[in-house]
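Here it is, the structure in full.
The chains carry the letters A, B, C and D, assigned in the order they are written, with residues numbered from 1 in each.
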Amino acid sequence: MTTINLHLQQVKERTTESMEEMWVNMGPQHPSTHGVLRLLLKLDGEVVRECIPYLGYMHRCHEKIGENRAYVQIIPYTDRLDYLASMYNNWAYCLACERLMEISIPARAEYLRVIIGELQRIASHLIWLGTFGLDLGNFTLFMWCFREREMILDLFEAVSGQRINYSFMRIGGLALDVPEGWLADVKAFLAWFTPRLSEYDRLSTDNIIWQKRIQGVGILKPEDAISYACSGPMLRGSGIRWDLRRDDPYGIYDRFEFDIPVGPNGDVWDRFWVRRQEMEQSVKIVEQGLKAIPPGPVLAPVAKKLRAPVGDIYSRVESPRGELGHYIVADGSERPYRYKVRAPTFVNLSALPVMLPGYMVADAVAILGSVDIVLCEVDR
Amino acid sequence: MWRYLREIWRGFWSILLSMQITLRYLFTRAVTVQYPEEKRQLPTRALTQHVLTIDLESQELKCTACDMCARICPANCIHLAGEGKGKARRPKWFVIDHNLCMYCNLCVEVCPFDAISMWTGKYELGGFSRTNLVYDMETMHADGFYPTIMTPRSPPGAAAKAPAAPGGGKGGGKG
Amino acid sequence: MTAEEILQQIQSRFREEIRTAEVRRGEACVTIKADRNFEICRFIKEELGYDYLNCLSGVDWTADKEMEVVYAISSLKQPGKIILRARVPQDEPVLRSVVPLWGTANWHEREAFDLFGIRFENHPDLRRILLPEDWIGYPLRKDYQDERFVAYPWEDRKPGSVPRPTTA
Amino acid sequence: MVSAGALEQFYALFEAWGIPWIVPRLAIMLGVVSIIIGFISVSAMFLIWWERKISAHIQARFGPMRVGGWHGWAQSIADGLKLLLKEDIIPTRADRPVFILAPIVVFAASLATYVVIPFGPGLIVQDLNIGILYIIAISSLTVVGIIMAGWGSNNKYAALGALRSAAQAVSYEVPLVISLLGPLLLVGSLRMTDIVEYQGGTWLGILPGWLIVVQPLAFLIYFTCAVAETNRLPFDIPEAESELVSGFHVEYSGMRFAIFFLAEYANMFVVCAIATTVFLGGWQGPLLAPWVWFLLKTYFLLFVMIWLRWTLARVRVDQLMHVAWKVLLPLAFVNLGITGLLVLVLSPMG
């Protein structure tokens, strides 16, 4: 080895030594972690080399609470899991119990569940779009999305009396029928909402900065998506056409016509675009539901004190964030013996350390935003 | 070269388009409700403070202290004791700790006598101490007709007053 | 593949390890002995093609002095679901980790370790995930005791008993 | 602001009384500085209020409505008072002198640039014959203050923000200066008043004689760079609220934070004032008083800056560099080359 080469190598070694990688603590209090999530990022300049998530800042042992409550009493607690899609959590839990206890619910309740659930999906995606805009620095989009979401909350408030934590579904149907004129209000909302989507597009989708920021960033390969059991828009963004509403239909989703948007590349843009299109599909589903909804009761006659037969069930639905599963073990008493929530964002978030390395800090924020986490659900 | 220039033009043009839509919004009406001056009209079903409903003729509480609501409450925030036997049974004391209440409406749904309601429209519940949110029978005693799940619409007979029953479940203001 | 076929395949391959096997609600439910859980999972993933681990959850069967790990496995390409249960003794709850098969098992197993104290061998990073690192005990075990934990007075409450809040 | 003759008389008066020559000059300087600071504070407060109102109405809300009665006009004053009264926190492990100096450096740099802004004919503190050069030189001092803030805070986010800011300032100075060279070639002077007076006539008899008419590309490049120089969206990566939690001033609170804030808005005013002077004909305009025209044009540009901020998302660091070196710089050179050629060809005839 010549002297110059030796010298070069020494310089190289020294630079790799002195090029210190920096551990940056992103969170628990950080505007872009959407709650109290702590990410430990190893930064090489602006580039993320490694990411270690720390969870549990919101842990309240939802499952232990569930084991100490009667089946009906758990419903209000499910609201507090994914507080941006409470109706869907209600539905998922009630559906699990209904499957376990073999209760069938009236047709009107089924239709109302679909209508309300899809409105909830729109609301949830809206808030995702808004906060994602916030992550990318576009505050205006956030406010616009909130305005439309408020209208959905108004609709839900007229139904259930609550704006966030509805506790509206019951085992066997719904707590109440919708008030008079509510379905017309939903129709009016849809008519107002559809043109708004193109306004959002003007501000975000068509905008070059928006496109450049999220295209080709945070790629999640399909095999990784399956290995990490990602679900919902995360999975569909990676090019896998999988939607429980179509592939394992629950409720009456098999009666509805809708497309399942997928993105080919698995980058942040695809996840964004999948959610953006899902809003349109949800509008379509709600419109079909409004046309077909029959009159009748909304609550099946169920016993006051619900007891589930001995056994267990893993029931899953397609919540706005992905596969929301409930694993319930019943021992024949009024309370579940074991109650586990397979939170979609908990599982989706576990793929974050795979997606982050190699991208910049600004991308890290966008990628984390594209996972669409709700920390209350992640930590349970 | 051509692609380069077209890319620049596309970027410039898309930014102009975005600016056009924000400019249009600059002149639209704001949707904010200026809260203390203006108040939002709540729908009938808005869950607010608990109230113990009364029989409008005899002005007596409908509650028979059957403890159903206290048993169903997931947060364990309802406590009561009754006195008397049979039909004459009435609550001796009745306490709801609103600090714990999750507004699930289960207590109202389970009540067989239509004796408790959350559709009261009283939502300004703030106080300076946690004990302000612990309601006893006196604070929850209804002063007139309140809609409930069994009688959701209007009071029977025109004589009764309806303190908080805004009409229909409208979806709030639009645009 | 129907649930019966799945059952048949697993049974023909791992006759010794299987404790019970049944088909319920169209799902193949298999209870296995814990010592070869990894091989069975690999068989299910690689040879039966059920490559999507929906959920991994622990259950504490105190009455049987056993702990259980439940794998809910399905596939994105074919119908059919498998509920695989592996039972381990309560005083020595150790299993092989399935992280090499499914990345998602990482956090699920950490959660089971955190809340049930089930230990997974070969897990790359078996730490507590939801609770603080210095937490003592495993809260989801049925015998978990903590002075901060107040049981919900469900059966034993009588009208008028224990008026906790004071009047305003 | 005062004509040279009057100043000489003022100095002579003091000399006659036997007071050292430094005293009247200091008095004048102090007076000018306090006028400028007063102007900066008032305009910054107005700008903050204005930005909040514009952003609110873009987002279908009202913005501040309470303080002061009519549309919350006194909100900024109240906020300023609050910031004055707040506790001044200096992190224990901060580099104290650097930490304390940083906001002052930033503010001083933006303060100094006000000296050569021509508000109207005669309404200029010091009409330097190198006015533009002076502004460009002084305004790049801001970045020193920002790096000091980032370093002195001893915070990783602040350091990242400061480094981003340094990279950004270095890159955007280049196209900014080169885009200004085109108009300056036409004018043939660096003096601010000369530039404004050059734009007095009309182009082809109908268009106003503003340089934006013949130099639209230079104006766009300059304006883009100006947005970047003032660290505003879409180029606000040094503070990048959602990534770096407001970057270099993350550790600042109270009055020091207020000074950063003030300097940002003062800088905005400066870059828009330069754009008005160089491209929009400065104080030139019919009917209204010259300084009104100047302020109107400047505030229109400020409005565009605010409007941009509430429309666009933030770019990434590498994209920022891409825009500076691969888009703006070549375009600026092209513009400069074409302008130079035209000047060369046309000047013997004209």
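Just so we're on the same page, a contact is a pair of C-beta atoms (placed from the backbone, for glycine too) under 8 Å apart; a residue touches a chain by one contact, two chains touch by 3 or more.
What you are looking at is a predicted structure, and each value in this text was computed from that prediction instead of being measured.
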Contact-richer chain pair (by C-beta pairs counted) among B-D and A-D: A-D
Chain located farthest away, centre of chain A as origin (C-alpha): D
Centroid distance [mean C-alpha coordinates] between chain D and chain B, Å: 51
Centroid spacing, where centroids are CA-atom means, of chain C and chain D in whole angstrom: 63
Centroid distance [mean C-alpha coordinates] between chain D and chain A, Å: 44
Rounded Å distance between chain B and chain C, as computed from the means of their C-alpha atoms: 40
Overlap residues in chain A, where contacts from two or more other chains coincide: 69-70, 140, 144, 147, 203, 207, 209
Interface hub residues of chain B, defined as touching at least two other chains: 15, 18, 22, 25, 31
Of all residues in chain C, the ones touching two or more other chains: 152, 154
Residues of chain C touching chain A in the complex: 24-25, 27, 51-55, 57, 59-60, 70, 72, 76, 81, 83, 102-104, 106-108, 115, 128-132, 139-140, 149, 151-152, 154
Interface residues, chain A side, partner chain B - complex: 69-70, 72-77, 79, 140, 144, 147, 150-151, 154-155, 157-162, 165, 167, 175-176, 178-182, 185-186, 188-189, 192, 199, 202-203, 206-209, 304
Partner chain C, residues of chain A touching it in the complex: 55-56, 59, 61, 63-64, 67-70, 99, 224, 226-229, 235, 240, 242, 247, 311-314, 316, 323, 325, 327, 329, 334-335, 337-338, 340, 342, 346-347, 350-351, 354, 379-380
Chain A contact footprint on chain D (complex, rising order): 55, 58-61, 156-157, 160, 164, 233-234, 236-237, 240-245, 310-319
Residues of chain B that touch chain A when the two form their complex: 10-11, 14-15, 17-18, 20-22, 25, 31, 42-47, 72-75, 102-106, 109-110, 118-119, 149, 168-175
